[in-house]
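Listed next: structures, encoded as structure tokens.
Each of the next two complexes has chain A plus one more chain, namely chain B in the first and chain C in the second.
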Partner chain A sequence: MTGVERIPILKIGDVLLASIQVDLQDRDVLALQEDLAEKISATGAHGVVLDISAVDIVDSFIGRMFATIAATSKLFDAHTVVVGMRPAVAITLVELGLTLGEVRTALDLEKGLAILAELGEQAPR
Partner chain B sequence: MTREDIPIVADEDVVRVRQVVRSYAQRAKLSLVDQTKLVTATSELARNTLTYGGGGSAVVELLGEGRRQGVRASFRDDGPGIPDITLALTDGWTSGQGMGLGLSGARRLVDEFDLDTAVGRGTTVTVTKWSR
Partner chain C sequence: MTNGTGRSDNLADLLRAGSTPLAARWVELAAAPLKGRLSVAELARELDELYAAILAGVASGSRDIQAEPYAEARALLGDLSRRRARAGFTPSETAIGVFALKQALFELVDRAEVGGGLPEVVAASQLLDGLGLWTFEAYAKAREEVIDEQAEQLLELTTPVVKLWDGVLAVPLVGTLDSARTQVVMEKLLESLVVTGAAHAIIDITGVLAVDTQVAQHLLKTVMAARLMGAECTISGIRPHIAQTIVGLGIEFGDITTKASLADALRHALRRSGVDVIAADGRR
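After this line comes the complex of A and B, so read on.
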């Protein structure tokens, strides 16, 4: 048995960034979900960016976890944006029939951060 | 090697299946999109084998038929079997914690799909994708 791969979570301003660089096992995704919830709660971050530009497949389990992360973040008043989805992954997700729920998507990190900034302005705190 | 057996008994075996299928799909010269579809389908099926079948094994094969090449992956378990195949292949229906896209979604992502199951006897799902 190998251990859980902990995905590093970086803080930029009031946004948390998790960049997924490994082939995800189910328990890695579950760990990320827990780590993000704790980090949002501890930092009061208003946004979460999941960078999946290095991810070569998203199946229904991983996709559902993205939706769960977004739903959990929302409870802490934070929005979630998934950025950098590869074209082949996007085509496959549509055919698989998976919708990502409340998850916003953006082409790249820059556009993802812009979306979060916009959402932050709409709901000033 | 044109055939590989992979036991599916733990979480990391699902990742192993994805890696083997990816390398076979590249050898069969599937397009990147077709590789991704096949790897995603087999990821769903490997997880089903683990979650619902209580573990089992996968066989991944490289196929050659005339000028076209393909990859076939077969997932076998000795679990409880599927009582209602039509229901199990319906989008959104799940007997567990999933989204109910595993079987139906996997079927859409491949060229050939075969389901052999009987209650109390286990389940074997075989999928094939061909190069175009």
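After this line comes the complex of A and C, so read on.
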């Protein structure tokens, strides 16, 4: 049994960036959720970017992860943007009937950060 | 029925002796149902060749049309059937070309102008039945080839993804949408979004003649998938009667933006990306 894969969470300004470069196991997802919650709480970040451009395969559990992370972040008044979703992943999620709810999406990291900046302007704190 | 070589009939002699009246009558009978769509001279040339090939096969003594001596007859018949199939003749009109020889032969034997009796007639009948079936097979195969080619051409027609503006892609859909095609369109559009980094996509269905629940479902899925990737997708060009169908079927387009025309959709996409179209003299 291998250990839990920890996804590094980087802080850029007041945005947290989690770039997922490996195929996620369910427990990795849970670890990421925990880590993110702690990090947002500790840093007071106003945005979370999940970069999934390297993810080829998703299942319903991972699909729900996005919504869960977004809901958690929301409690800390942080917006979540999922960036770089591949076509195959998008089709899979749609076929699974999963919508991401309140999660914003962007084609790439740059656009994702632009969305967060825009959202931050709309609701100045 | 024996297909062996030791068959005791004089079919070859009969065909050889009666070749002139047989060939003439054959052409006459075969030409009748074609109703002038094929010139008699052309038909006569085809059938003369075929007659020679069949005679060569019969002369070998074999009565098995799959055997080597009939290779040429089979090839000629195959070509003939393919030509007929492509020219739009019916299967009967094609097969009559072979069966007419049978009738011509029977008439000849009946008139007793040349020697020939029951063994020859049975042998000829079996042989020509076999050749007739071969014709059917070749005809069907040719028709399948035509269908395959058309299916391929249809796929080639499959929707291009065009760039309307920086960051705005459009997919003009034309014709009938089925699951396979919509899948191709969906994948192509999403791939293009990744490659071009476009934040807007317009699916134009002006050329789509009918929308049912399944097609609508596919369109919705495409829009949802594009949205998951971070692009906004607009559907444009819904025809009046399609709009009525959609409402009648109770299909919910939800919060998906729909526009009457591609132009409206483009304007919408441009506005969303912060571009406004203004005439040179300042009028909008």
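The working rule: the second predicted complex is superposed on the first by the 125 of 125 C-alpha atoms of A that agree within 3 Å, B and C clash if a C-alpha of one lies under 4 Å from a C-alpha of the other, contacts with A are read in each partner's own complex, and residues count from 1 in each chain.
The rule is simple: a residue touches a chain if its C-beta (ideal position, glycine included) is under 8 Å from a C-beta of that chain, and two chains touch if they have at least 3 such contacts.
Quick caveat: nothing in here was measured; it's all calculated off a predicted structure.
Undergrad: Label the relationship between chain B and chain C on chain A in the superposed model as either fit or clash.
TA: fit
Undergrad: Write the angle, vertex at the C-alpha centre of chain A, between the C-alpha centres of chain B and chain C, to the nearest 10 degrees.
TA: If I round to tens, I get 50 degrees.
Undergrad: Mind working out whether A:Q25 is in touch with chain B, chain C, both or neither, as first, second, both or neither?
TA: First partner only.
Undergrad: Quick one: classify A:E34 as touching chain B (first), chain C (second), both or neither.
TA: neither
Undergrad: Which partner does A:D77 contact after superposing on A: first (chain B), second (chain C), both, neither?
TA: After superposition on chain A, A:D77 lies in contact with neither partner.
Undergrad: Check whether A:D56 is in contact with chain B, with chain C, with both or with neither, and answer first, second, both or neither.
TA: Once the two structures are laid over each other on A, A:D56 reaches chain B alone.
Undergrad: After lining up the shared chain so the two structures overlap, which partner does A:E95 touch, if you call chain B first and chain C second: first, second, both or neither?
TA: The answer is both, since A:E95 touches chain B and chain C.
Undergrad: Looking at the superposed set of three chains, what is the minimum CA distance between chain B and chain C in Å?
TA: Distance of closest C-alpha approach: 7 Å.
Undergrad: Report, in rising order, the residues of chain A that make contact with chain B in one complex and with chain C in the other.
TA: Residues common to the chain A contacts of chain C and of chain B are 86-87, 89, 91, 95, listed in rising order.
Undergrad: Given the complex with chain B, which residues does chain A contribute to the contact?
TA: The touching residues are 1-2, 23-27, 56-61, 64, 86-89, 91-92, 95-98.
Undergrad: Enumerate the contact residues on chain A facing chain C in the complex.
TA: 82-83, 85-87, 89-91, 93-95, 99-100, 104-108, 111-112
Undergrad: Please name which positions on chain C make contact with chain A in the complex.
TA: Going through chain C, the ones touching chain A are 186-187, 190-191, 193-194, 197-199, 221, 224-231.
Undergrad: Inside the complex, what are the residues of chain B that reach chain A?
TA: Residues in contact with chain A: 10-12, 14-15, 18-19, 22, 32-33, 35-37, 39-40, 43-44, 47, 91, 98-99, 101-102, 104-105, 108-109.
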